[in-house]
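Sharing a structure, written as structure tokens. Questions coming.
Letters A, B, C, D and E mark the chains in the order given here, with residues in each chain numbered from 1 onward.
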Amino acid sequence: MSHSLTPSPTAGYAPEDEEEDSSLDYFYDEPGTLPGTLDLEPDDPAPEIVLIDYNLAKATRVKLDQPQDFLPYLTAQTVSWLDIQGLGNTETWRQMSQIFQFHPLALEDVVNVPQRPKVVYYENPDQIVIVAWMVLLKPDSRTLHREQVSLILGENYLITVQEEPQYDCLEAVRDRIRNNQGSIRKHGADYLAYAILDAIIDGFFPVLEHYTDRLEELEDEVLFKPSNHTLWQIYEVKQELLVLRRAIWSQRDAINILVRDRTRLISKRVRVYLRDCYDHTINIRDMLETNRELSSDLINIYMSTMGNKMNEIMKILTVISTIFIPLTFIAGVYGMNFNPEASPWNMPELNWYWGYPVCLAVMLAIGVSLFVFFWKRGWFEDFSELKQKK
Amino acid sequence: MSHSLTPSPTAGYAPEDEEEDSSLDYFYDEPGTLPGTLDLEPDDPAPEIVLIDYNLAKATRVKLDQPQDFLPYLTAQTVSWLDIQGLGNTETWRQMSQIFQFHPLALEDVVNVPQRPKVVYYENPDQIVIVAWMVLLKPDSRTLHREQVSLILGENYLITVQEEPQYDCLEAVRDRIRNNQGSIRKHGADYLAYAILDAIIDGFFPVLEHYTDRLEELEDEVLFKPSNHTLWQIYEVKQELLVLRRAIWSQRDAINILVRDRTRLISKRVRVYLRDCYDHTINIRDMLETNRELSSDLINIYMSTMGNKMNEIMKILTVISTIFIPLTFIAGVYGMNFNPEASPWNMPELNWYWGYPVCLAVMLAIGVSLFVFFWKRGWFEDFSELKQKK
Amino acid sequence: MSHSLTPSPTAGYAPEDEEEDSSLDYFYDEPGTLPGTLDLEPDDPAPEIVLIDYNLAKATRVKLDQPQDFLPYLTAQTVSWLDIQGLGNTETWRQMSQIFQFHPLALEDVVNVPQRPKVVYYENPDQIVIVAWMVLLKPDSRTLHREQVSLILGENYLITVQEEPQYDCLEAVRDRIRNNQGSIRKHGADYLAYAILDAIIDGFFPVLEHYTDRLEELEDEVLFKPSNHTLWQIYEVKQELLVLRRAIWSQRDAINILVRDRTRLISKRVRVYLRDCYDHTINIRDMLETNRELSSDLINIYMSTMGNKMNEIMKILTVISTIFIPLTFIAGVYGMNFNPEASPWNMPELNWYWGYPVCLAVMLAIGVSLFVFFWKRGWFEDFSELKQKK
Amino acid sequence: MSHSLTPSPTAGYAPEDEEEDSSLDYFYDEPGTLPGTLDLEPDDPAPEIVLIDYNLAKATRVKLDQPQDFLPYLTAQTVSWLDIQGLGNTETWRQMSQIFQFHPLALEDVVNVPQRPKVVYYENPDQIVIVAWMVLLKPDSRTLHREQVSLILGENYLITVQEEPQYDCLEAVRDRIRNNQGSIRKHGADYLAYAILDAIIDGFFPVLEHYTDRLEELEDEVLFKPSNHTLWQIYEVKQELLVLRRAIWSQRDAINILVRDRTRLISKRVRVYLRDCYDHTINIRDMLETNRELSSDLINIYMSTMGNKMNEIMKILTVISTIFIPLTFIAGVYGMNFNPEASPWNMPELNWYWGYPVCLAVMLAIGVSLFVFFWKRGWFEDFSELKQKK
Amino acid sequence: MSHSLTPSPTAGYAPEDEEEDSSLDYFYDEPGTLPGTLDLEPDDPAPEIVLIDYNLAKATRVKLDQPQDFLPYLTAQTVSWLDIQGLGNTETWRQMSQIFQFHPLALEDVVNVPQRPKVVYYENPDQIVIVAWMVLLKPDSRTLHREQVSLILGENYLITVQEEPQYDCLEAVRDRIRNNQGSIRKHGADYLAYAILDAIIDGFFPVLEHYTDRLEELEDEVLFKPSNHTLWQIYEVKQELLVLRRAIWSQRDAINILVRDRTRLISKRVRVYLRDCYDHTINIRDMLETNRELSSDLINIYMSTMGNKMNEIMKILTVISTIFIPLTFIAGVYGMNFNPEASPWNMPELNWYWGYPVCLAVMLAIGVSLFVFFWKRGWFEDFSELKQKK
């Protein structure tokens, strides 16, 4: 997600331990940058370019050293998938532009990541640039990984560009082409674009399930052991759901444009499939909204639980104070040193035969009646209920 | 609602005690699954297929052993209702596809449950797939049961697929056909689809009434015996209303599409009936919204009741403490051991003739005036009001 | 509002003391009911049917014993208003259907009350069914009464059906026809429908004023004498405003349809009047929204007032405790029984000449300085302010 | 704003001290009133009618005694502005109707004030009725004054009706005509209508500024001296902003209709000016929304400030109680009267040589360590911060 | 931002230390002002006018002393950019109007700043007035600076007007023209307008990043050291985000109009670039919304943290009070002065051999069991957790 990331050439890529930034910060140029400027250096590592060239009869997979190697395949009566891993360097894209004649703004959307998911049509030559966001849980840390996957759909070819080679969700599509599964090799580049979008969209579901599970854990925590830490975690989940939500709304709009607009590059038959894909984005949106409502409710419940705890604490204090304060007062009275000898009215109780027992009895009576008073108001129900819960 | 449920063949089905999951989790493929893949095994039990074939003159009801048995009925000048209980296995749907030539995505929506309620049109052959959600309260446990009912409407035939055979809301429609009630046998398959949708929609009303009753009970609980448990129950109801709301909004949109779109498969006469059905979904939506607002209000009232309780607790503590703390101080003063003999200024009160009675009188005066102070501020009104309530 | 209400035949109707249900529960069929089924019994009492037949020249008012008696008037060149009080029985509507050839769904909306306000067009014969809600304050109890008024507008005739005969808001319209006031007798049945709708809509204003007054009373209560009871009452008002709001939104939509749609049954001239009627529904909506915001604000003010009360209570407790606790401690110290004779260091103060007065002076100094401390922080301003308020 | 207000005939009008009602109550008829009924009495005072008749060459200003006096001006090739102050009586409007042939509903909107701002087109003759709301701060009391200004725009004439003569915002327009400033005398009646609407709209800005200032004052009050009274004032401002907001939204819609609709009465050239006027209503709306958000935020800050105060109060109580309660306990222990002579175990400390000093030292140690405990938790930072603030 | 600001003529401009007003107050005329009145004085300083005149072959930069000096360039086959710094005086605009024939309302939008961002088309001559808002962080104080940049796009010329000369974001555009970078000199005035708008929009990103950083700092503050001051700062940030949001929404709408409307002045090729610019405004909007949600969440977290603190304070008070109050009572009992000699029942404990030790043991037992009681309820977990945090 960082802007100056260095894609690994082929293998042995050591995943960086950098902290994933889950906030929604799109790429932006320094103000005053020329339109079409790519955020790349000439000496950035070259990307890994794999060409998958197929028709119903056969499928070839070639690793290209440089974009020009693609030229022989360009005229063939096959669908060509240029599968590019890593954002490459300025040289890569200079060569690509020569071959495919990209509009300068098209490349900007592909290279200056992250961009908001969108669909842009270009003419002369006809090309559709589709910016999509792929999400997955990293296998080791179970944290969210987001990266941009850009698709450039042209006549008979599709170019896909992924930010980071080590995370990928298109292996299933490659397998389908190799093994001729389903109808993928019967269709053109438009169906391939659909298949890739479908794989990306379907990748949201396991991530969503992960968050649903997290929220259920947090629900238990709120119920049995709420702390300020719980609250922070709920907010964290809420923030990440917010980012996913933004992503899926834009993605939904983008796919809707593909379904709706009549363009020569996407056939009517494939549009039926894209509509299904569109339905999936709506399902994801629904699930996200439900989870967001749940997280908001959890925050309210947490607040209310805190309020109940306070009530409970105050009850304990009130019961103890209210019972003992009057008793202590009585004890204080008979601890006064008025001189009984100076007057018969000065604390004659001290010399009564039953003075002390009566005094204790009175104290007991007061204590018990206050206790009963609180009991009747149901204050002790909470305590027993609480003990039970623990 | 679980994905690998085992439909009972014919009878003696023991309802599972599995916990119903009330959260809104749509079905989703593993990322990378082929489009059109059905979530079934070849050895899943075959579904129960009943054919109801009728026109104005006669109505037949046949239990089919396998889909091919339907072939003789296909050409007849009758409306054929293929009433399928259970999701079946891969073999079932392979045969069905041969007969009805389904689009691969159509079957996905029918079999990979649950899907969001929707309407999808297919061509060659003309078919309308309607995904609807049926809700009911289980007779024994009075808990909510949701399941998907899928309708595939074609020329002269209607196929309905229900997830779980033991819960059903279409018996009334079957009776109407058998007994030739109303005008059902005068119309075609489109009216049958309407009749089934109407039965499904009407099934929401008793469920809604159940939740209205629950909320009224909870209102009483908040008023007379609020606890944290009450709050959790309100949230539970709120969550379930949220799920119902999502369901009914999608269902409303789906039916609106049927009312609005001019399609050859639905006659103008039946569209009038569907409009009525659409009106019912709006009524349900209104009732749901009202209930949701009520549940939100209940939460606020709960919070406020808790705040009032706290006020009450603090009042008790304050009254008792404030009255007795000054008195205890006075008692403390006269409990000091300054030696009266060392000086005439050292606590001469102790030897006064009226010392003790005057001291008690002063205490009484202080206590009474504090009591009056609180009384005048109206602090005791709450107590009496409260006692009354209990 | 109850479904099985028994309309009085002619006179001496004793208003039931049943509790009005202010929640928004629309009528619904048992799931599986035939479309067009009326919620009536054959032996329900017959409704009171009055025919008002008029043109510019003359106006007749006839009480019909049964619907068939209307037949002679059907062909006449007059506007016929069939004013039906009470929902009648199955026989009534069988006869009516024979005369007016209702669509089965049309009767359902009229008889199975309450329905959401709406407008439905039918063809063959052309009829417009308008469902409206009339509200009024019962003269005796000042509680809200809602009932459905259904209008069926046809060529030259208008049928109105009211649920409960004892509440009515159309007397002014009848008077206008009888006395030939305004232009009512110059227009057709469409103007009559407008006049009735206008009377119904105008009936909302006094009800709204009633709730505005209630809210003002509650505002005073929150300010001067807030209790949990106040809160409940605000919620009650809020709920009822919610119901009214739903009603007026639907009614607004319904009338908008009448204004907008070009239908043969409503002339352009009358449409100008309906637009005015539509404006009134918007005014009502605005006033309702304002009242709803007010009620929400009141709840917040209530909450804040409770918080202030708590602050006040805690201040009293804190002032008293904080002043006296240190003093009591000092008194406690000099109440200790260390033996002054065992050592010159054991409480020599007790034998000092000025011991006791100095001790009291120290206490006074501490008490006063704490008092001044609180005074300076402005804690006593609240008290004086409060006393003033009471 | 009251319905039966008595407009002053010409001069010496004593402004009533009636309380302005800031709630949003539109005018409404008694249910059952005839459409077009005016809320006037025959003997209400006649309004002040001033005719300003102008073209590029000359401008006349005549005070008319009665509407008929306008007749000679009607045919002239000038723009005639009938500037009516006060709502007049039934006779006034009977004469007006004869001259201008108003639709009955048109007069209702003009006379039965207040109406929601709106635009209504009438035909035969072509007339546009524009209902606008003028707001201003009363010069003396700085309270909000609202009144309806109605414009009836016809071919070559414009009629304006104001409720209350003593408040007026059109003097600048009159001056412009008299002094031939700007291009007003080069245009027709449509430009005059624009000029008046513009003056009315611009009148909102000073009012808004007034509320912005009020909110800033209240912000200071919340920060330095929050009381329940502050809260009520914020709510009051919020209520009034709500009323202004409703007014400006309706006004915006009304002017948008004028800009958008192609009507013969408003020329294209004037429409450009109206678009500018429309922009101003959007600016006002933006400023209102900002102020409303500010007031909502202020309420939240107030709540939080109250919570902080409570925290502070509780800290004082807790510090004092927690330090002194254990000390008082120790003092209590050595105040017990166990007889040291009865046993060597009975309170031997009392006879120790260092008993009393050691006891005091222990107390001091406990007190100091508790104080340090609270100090380290940062409890005293608040106090110092607070003292500083005061 | 102030209305009567005095732009510096050429150099040595000393930035005023006036306080930036971050609230959203648009410019407004005194009510009754003539439309088209400029808020300038005849003796306001003249603005700095620089003409940049270029085509693909050459680019000239001339400083003009007065607008008339532009006349020789008007007819040339070049793109003329009149770059005006400062709002000028009435004379400036009188001359400008002579040359460019502005509509009076056009100048009002340019000179009477601030106006809401918008796009207005004028005809005869064709001109597009674009009002945009430029934001930047002042280099020294890092506070937000906002100013209006107005663009008037005509045939072959573009006029830009900036409020304050010392802040500028167009230097990069000037450099591009001078150095012939990118394709700017290949296009016409429409591309220049795009380039300037793009520079303005891109200027929002660093400002947004600044606020994101501020919010992260505040998040830390809420977590580790929350005070009422923190809350005020969050509200401050929220207010400023609100202003930015309003600005960007209007700007987005304005640019959308340019993208969508077919106007002769903007070529199709440039429209593709404007669409990209439009995408940037959407990105900014998304980031703003995310930040606003974050600030709202922070406020909630702050509130909850305060509640937790209160719980903690109350726990301390309750533990100490509840443990010591019963012990103090016991000490009080044995401090009573009942005379043991008057009766064997009067406090015989005082003379017991083990009286004092037993009494102490009982106290210890009570204290320990209460301590254990609180321990078991987990009350001390908070304390340790807290200590750790500090």
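By definition in this document, a residue touches a chain if its C-beta (ideal position, glycine included) is under 8 Å from a C-beta of that chain, and two chains touch if they have at least 3 such contacts.
As the structure is a prediction and not an experimental result, all values here were calculated from the model.
Asker: If you walk from chain to touching chain, how few steps can bring you from chain A to chain D?
Answerer: 2
Asker: If you apply the touch rule, which chains end up adjacent to both chain C and chain E?
Answerer: For chain C paired with chain E, the chains in contact with each are D, in label order.
Asker: So how far apart, in whole Å, are chain D and chain E when each is placed at the average of its C-alpha atoms?
Answerer: Centre separation, chain D to chain E: 26 Å.
Asker: Report, in whole Å, the distance between the mean C-alpha point of chain B and the mean C-alpha point of chain E.
Answerer: Distance between chain centres: 43 Å.
Asker: Would you give the residues of chain C that are in contact with at least 2 other chains, written as numbers and ranges?
Answerer: 307, 310, 314, 317, 321, 325, 328, 332, 335-337, 347, in rising order.
Asker: Beginning with chain D and moving on to chain E, name the chains as they sit around the ring.
Answerer: Cycle of chains, anchored at chain D and oriented toward chain E: D, E, A, B, C.
Asker: Spell out the part of chain A that touches chain B in their complex, as residue ranges.
Answerer: Contacts found on chain A: 169, 171-173, 175-176, 181-182, 195, 198-199, 202-203, 205-206, 209, 212, 223, 272-273, 275-276, 279-280, 282-283, 286-287, 290, 293-294, 297, 300-301, 304-305, 307-308, 310-311, 314-315, 317-318, 321-322, 325-326, 328-329, 332-333, 335-339, 342-343, 345-347, 376-378, 382, 385.
Asker: Per the contact definition, I'd like the list of chain C residues that touch chain B in the complex.
Answerer: Where chain C meets chain B, its residues are 23-26, 28-36, 103, 105, 108, 115-116, 118, 120, 122, 227-228, 231-232, 235, 238-239, 242-243, 246, 299, 302-303, 306-307, 309-310, 313-314, 316-317, 320-321, 324-325, 327-328, 331-332, 334-337, 340, 347, 349-357, 359-360, 363, 386, 390.
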